[in-house]
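Below, chain A partners chain B and then partners chain C, in two separate complexes.
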Partner chain A sequence: MLDWMSDNRAAIAAIVIFALAIMFISSIFIGKKQAKLSAKDAVFGDPERTKGGWYWSVCGISALLLVWFYFSWGVGRAYFPNAANEMCQVAKLEEAISPIKAALPLESRYYKSTTLVARNSDQLMQLQSQMPTAAFSQNEQTELYALISETRRLMANSSNPANLSLDAQDQLQVLAQDLVGLSTRLAAGPQGISPSAEALAQPRWGTTHIEIPMLPITERGVLFDTITLDAQELAARFVKIRNNPSQNDALIVDIKNRIDALKIVTTSGKFDEDVTTARKAYLKAVERIFKRLDDGIIFPAQSLEGINTAIATLDSAKNDARGQLGTIEALFFPGDGIVKSRTQCTEQGSGRWLPKPTDVVATFWKLASPNTEADGGFKGIPLFWWKWLPVGDVVAMIMPDWIADILPGEYARHAADGTVTPNFKDKVLALAQGDVNLGAVPMFDGHVWDSMFRVLVALGLGIMFGVPLGIYMGVSKFFKSFFDPLIELYRPVPPLAWAPLILTIFGIQDDGKIFLLFMVAFAIMVISARTGASGTQLSKIRASHSLGATNGQILRNVILPNALPEILTGIRIAIGVCWGTLVAAEMLAGTTGVGFIENVARTVSDYELIWVTILIMGILGLAFDLIMRWVITKTIPWRGKG
Partner chain B sequence: MKQNLKAAILATASAAVMATASASYAADSVNAAFFLEWASPNQIAKVDKAYDDAMGVDVNWTDFSTGVQMTEAMLSGDIDISYSQGLAPFVTAIQQGAPLKMVAVAMMYEANDCFVKNGLGIDASNASELEGKTVAVPLNTMADFAFKSYMAHLDVDMSTMTIVDQAPADGAVSLADGSVDMACIFGGNSSKAAGEVGTPIMTSEQKVEAGIGSFDVVSVTEKFATENPDLLRTFLDVTDEANKAWAFTDAQLAKVAKDAGMSVEDTRSQMEGMIFLSEEDQKTKFFGPDGVAAGAAAALGVVFSDASDGTSIAKTIDASFLD
Partner chain C sequence: MANLICDNLCMTFTNPQTGGKVEALKDINFTLKKGELLAVLGPSGCGKTTLLNMIAGFINPTGGHITLGGDVIKSPGVERGMVFQQGALFEWLTVAKNVDFGLRMKSTDKQESAELVEKWLDIVGLQGFGDTPTYQLSGGMQQRVALARCLVNNPDVILMDEPLGALDALTREKMQSLVLDLWKETGKTIMIITHSVEEALLLGERLFVMAPRPGRIHKEYNLPFAERGLKESLREIKQDSHFADVREEILTMIWNMEEEIMGRA
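Now for the complex of A and B:
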């Protein structure tokens, strides 16, 4: 069942997207209609008016999901499941001709030769102006200036179309013709070629770790794929073509000899160390530019015109051959399309870092599977499941080891016959260390449970300590003035700043993580309880006092109920912040937990896993919040009506 | 006054236009990434602008703290060449479909150490006692790879251990506190701290004998490699020259130490543990038919993701720029 869903996720997505679109549109209609109905009798600002309105929730959620589907390319994959494969074939051709394109102004504005000429001229100019005149004699300076202008002549010779060798002219011309030939073949269309059986047997887009199947599965794809092979060969030929004008041959030998002569003088030992270094550095700089010019990669602009036109033709033939694929790409695949790298085709843009909703669900199911033997869960631990918890372990956690140490007597020693007979002291130690079988109870297990346990315990402790303290701070001068500076001092410090300290104090077990979350929850609870308590109307307190209430009764029956709305809002905020701090807390020493999964996924840039953890945390936070809202309506129905 | 202001604005604007105009045809500057506190001889070439001179373009160096960040910067197009990216982040990047290439080996060095808490009395000879113990490992890093290699070599059953994911600095603290029994660490300062309270599970000699080592790579974006093969070749040439000129002289060390942001002594000890291979050696030892590079990359690929067989990573290795 799951495998079937996984294999057909594109088709499932197509139905889901259609349903979402209908939900989105119909919820707007319903919403408008309802708004019209109640428009007359409602007063602006009346909190009662915000009740209900499920259709706007539907509208918001379906809009969010549609945006997600769209930008993750989920829509594109659902309705055009073969598009990625075709785009990959086009990208293959793109990659194959990229060495030729890199030399042309089509994408980089200038011919590569132009760039090289400009860059080298600039550098020669700089060399000329920066000559260390102190290090060279007058004659040598003249010689160097001459060398620099000779080097310039090398460039001039290479740039002159009249000097281009017949051989190179031939090669460029043939290449241009071959490129035009490719365009013609592209324009002619597939002409009965069909995808191979091997290609059709490939796993579909996104179902395995190979994101996009590489072999062409459509006729158009096969066309691009076959053309790519020839294009690769043409590109290899192109990068081998060199422009070595015969006029340069003698010049190169001459410049080389003259630089060598200057080098010999430099190393003859006539100069002191500083001068020698300066001379060497300068000569090296001159030689470097010279060496860059003697390998024949500068071509006359005119000579490349043919290739340039051929590539432009190929580009337009490519666009024609893509047909409606171009429109589909522009409409349904926001981002930079698909790029072919050496071994694979990958989605670029939002498609890369925003996984498709259906893929996220598939990853979630794999993660949620309790069968850790069959690759379920994460790092051998299920996401949310149950296990038998030995009661002995619980006892061991509560009972410290030193209880056994303070008992009278000695621990057992092994006897002469090689046996060990445990005495009472040993047995107590075994109990304290959890080595005694006391049966087992079923218990939740897994990453989500571990995270939830940490958050809930921290929150519980935060409420337990924070609420009484906050209320007393609201009613007592001593509590207020004594604790206010302490709490306000630590509250603004981000939890992550405490992390190194907590690691040293508490170690790597749960207590450190819980303490970190507790500190967050505690401050929020104190402040909300205090605000609630100090906001109690004086008239209510005076009234109860005059009716003979004791201090305790005032606290329990007047101040606490009045503070309750603030406290419950505080709990809502604290839950949210605790989930937010969880990733930091579980970074301290990661063994289990949702934050741990997130931290590991981040090191390998596994975006699907990252999104799954984000969603898990979001949904858990939402679930807790819904529970709290329910609690609020049940416990303080008087809120906002007092 | 107002007139002056207008003139000034006009002048600035036209200057800016001219600057961009002259820059546009010579716009190619190359952006390279490196690590602070990770010394290498080519930092001399970097400081002396030898790269800029030889390549004829501006080489902008940006420092990074992790190899994963280098990958992200290369993917966003901000970085063309990453010098000394760890093998681990490179391999995970390839597995995520990043269009990158390994073009050379930056340096070889001893595998990261796993420190056993002193007082446990565990070393390579009785390593099986580690079973059931707690280990701090920064997951999916070279230290993780080293840990797995040690355990495989020493025949220790990893499934019995509690593995805790901790950054090196945290791992060192936990080792000192005794909350973990072994910590696998990378980085100078953390290793020093862990060395105070622990002993490496395998000595340098044992590591060499077992063939456990690490190397950092020079990785580039595929786009840069296709469009500027000449620049890349020159970059590697200059690196090679710098490596060959390296002689541990005081002047050289001082220059590298300053650029790496470390003391001269630390720089010396760090660089003494590294081997900078010549281009020829790289070609024969690493990129030959049975080269180390492909094997190590494939092995790492399997370690980090069971789904891939690792062989596809070998295809992203391209030593042709070393010629």
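Now for the complex of A and C:
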């Protein structure tokens, strides 16, 4: 069932999106109608006006989901499941002709040759004006100026159409014709070519971790794919064409020799070190420009016009062959579209980092599966499940070893016959070390439970110690003045600032995190209990004194219940803050927990997993808060009515 | 006999910042016999509440002493029950649990206390409201609970600090009858602080009119209206010419006192 849903997630998404659109529109209608009916119910500002209105919740949630579907390309995948594969084939062709385009003004405004000539001329000019005259003799300077103008002549020769070799002219002409031929084939459309069986057997878009199937699965895709093969060959031919005018041959040899001659003089050793360095650097700069010009990559501008026109033709043929695909891409695939890089095609823009809702659900199901052998859970631990917990381990965790040490008597010694008979002290030690089998109880297990366990234990401890202290601080001058500075000093420090220290002291296991969270919960509970206790009405205290209650009885029966609303609000806040701190602490260190999952997902850029962990945290936080809200309305119904 | 005796009672408040002293009460002397109903009236700031708080034991006098049945009062106790203006009920408890509070603190037998609670709820007219949360009650009903909660402890003296001040006129009249009935039925000593002259006249068998700066008993009355109120309707008593005369006299007295304060200030 799950596999089927996983394979058909695009179809499921199509239905879901349709339903969402209907929900969105109909909820607006219902809302409008209700607004008309209840327009005169209450005056503006009356809190009664906010009651009800489930349809606006439906409207908001469906709008959010629709936006999510749209920007994650979920709509595109649901209704145009083959579009990405076709876009991938187009991207392949674009990648294939990109080496040719890079040399042409179509892509980069100028011919690559133009850019080269401009840049080299600039640099030669600079060299000429910055010659270190002190380092060279008068003769040498004259020679260098001559060299620079000779180098300039190299460029001039290459740029002159009259000097272009017949061979190169020929090659460029043929290439332009071939490109036009390619365009004609593209315009002719897919004639009798159909996708291969291998291509059709590929996993569909998004059902595996390979993002988009590479092989073409539509006729149009196959057309682009076959054209791409030829285009690649043409591009390879293009980059091999060189313009080496015969006029340059002798010139190159001459310049090379003259530079070498100047180099030899520099090594004769009649200059000091600074001058030698300056000479070397200058000559190197001249030589560098010369070498750039001797490999024949500068072409006369006119010679490339044919190629430029041919590529433009190919581009427009490509756009024609793409047909509606372009419109679909613009409408339903927001962002940079699909890009081919190396061996795969990838989604770019929001399609990349915003996973589709259906993919998130699929990842969640995989994560939620308790069957860790079949790749469920995360790193061999389920998300939320149960296991048998040996009672002995729990006893060992609570009971310290020194309890056995302080018992009277000695631990057993081995007897003369080579046997050891454990005595009572040994048995207690075995219990404290968890070596006794006391059976097992079912217990929750998994990453989510580990996170929840840490929060709940820390919160429990925080309530256990924080509430009594807070109450005493609310009623006693000693407790208030003694503990106030201590708590107020550590409380404002952000919990994460404590984390490195606490985790160093207690280790990265549960105790460190629990202590960190305890610190957070404790401070919040102390403050809320204290506020609640000190806010008790004087008349209630006096009434209870007159009714014969002792101080202890007043504390338990009047001050504590009176502080309950504040304490419960404190718990609600503490849960939220603990939860936030915990996830951050788990990201710092640890081997289990929701924060740990997200941290691993981050290092491998698994966006779906990142979003799943974010959603899990949001949902758990919401669940905690809903439970607390329910507890508050159940336990303190008198709040605001006293 | 458990008489309440105030002997040369003085109370001086010291302002901790300025060190200035205010004489809230000076030389208060009176004896309240068992079963008497005393109403205390006076302009605001004359120390009536201070006097009551001292008798309740919430604050200790700076001079003189208070005795109840020969014992000097130093702290609050069950023999002096309190009823506050706002009821001061425990809103997290039901009506029955509120009434039960004093008994529970004394660990009274459950059966016995349940019967007592039932009885007193009957008397104050709250039959069947035992399981209602107190925050759902009206102001008058809340004061009935406060009365029952105080009476269930069987105190010698009942101290009331403007107990009916926050009620509407109709409820107030009903509650005044209830107080009179309770006084008659239980024979308790009752001291009631009020700022309503009419209420003081209706309820006070004895009536102190207090004067401010320093707080002192300005004039004492012995009035017949409380006794009459047990038999006649309170509204008729209010129309009595004697009632009207005394009311006018006291109103003028208090009016003059206020004028004097304003003049001095």
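Here, the second predicted complex is superposed on the first by the 513 of 642 C-alpha atoms of A that agree within 3 Å, B and C clash if a C-alpha of one lies under 4 Å from a C-alpha of the other, contacts with A are read in each partner's own complex, and residues count from 1 in each chain.
Just so it is clear, a contact is a pair of C-beta atoms (placed from the backbone, for glycine too) under 8 Å apart; a residue touches a chain by one contact, two chains touch by 3 or more.
This is a predicted model, so every value here is computed, not measured.
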Answer with first, second, both or neither: which of chain B and chain C does A:Trp638 touch in the superposed model?
second
Between chain B (first) and chain C (second), which, if any, makes contact with A:Ser605: first, second, both or neither?
first
Report for A:Gln537: first if it touches chain B alone, second if chain C alone, otherwise both or neither.
second
A:Gln553 in the overlay: touching chain B, chain C, both, or neither? Say first, second, both or neither.
second
Could you figure out whether chain B or chain C reaches more residues of chain A?
B
With the two structures laid over each other on chain A, which partner does A:Asn120 touch: chain B (first), chain C (second), both, or neither?
first
Which of chain B and chain C A:Gly590 touches, first, second, both or neither:
first
Tell me the contact category for A:Asn437 with respect to chain B and chain C: first, second, both or neither.
neither
Residues of chain A contacting chain B in one complex and chain C in the other:
none
Using the touch definition from the top, list the residues of chain B that touch chain A in their complex.
24-26, 28, 53-54, 56-57, 68, 71-72, 92-101, 134, 136, 139-141, 159, 162-167, 169-170, 173-174, 177, 179-180, 222-223, 226-230, 304-308, 312-313, 315-316, 318
Residues of chain A defined as touching chain C within the complex
537, 539-540, 542-550, 553, 557-558, 561-562, 564, 636-638, 641-642
Interface residues, chain C side, partner chain A - complex:
56-58, 75-78, 80-82, 84-86, 88, 90-92, 101-102, 104-106, 133-135, 146, 149-150, 153
Would you pull the chain A residues touching chain B in the complex into a rising list?
95, 98-99, 102, 108-110, 114-115, 118-120, 122-123, 208-209, 211, 239, 285, 288-289, 292, 297, 339, 341-344, 346-347, 352, 375, 380, 500, 503-504, 507-509, 587-591, 596, 599-600, 602-607
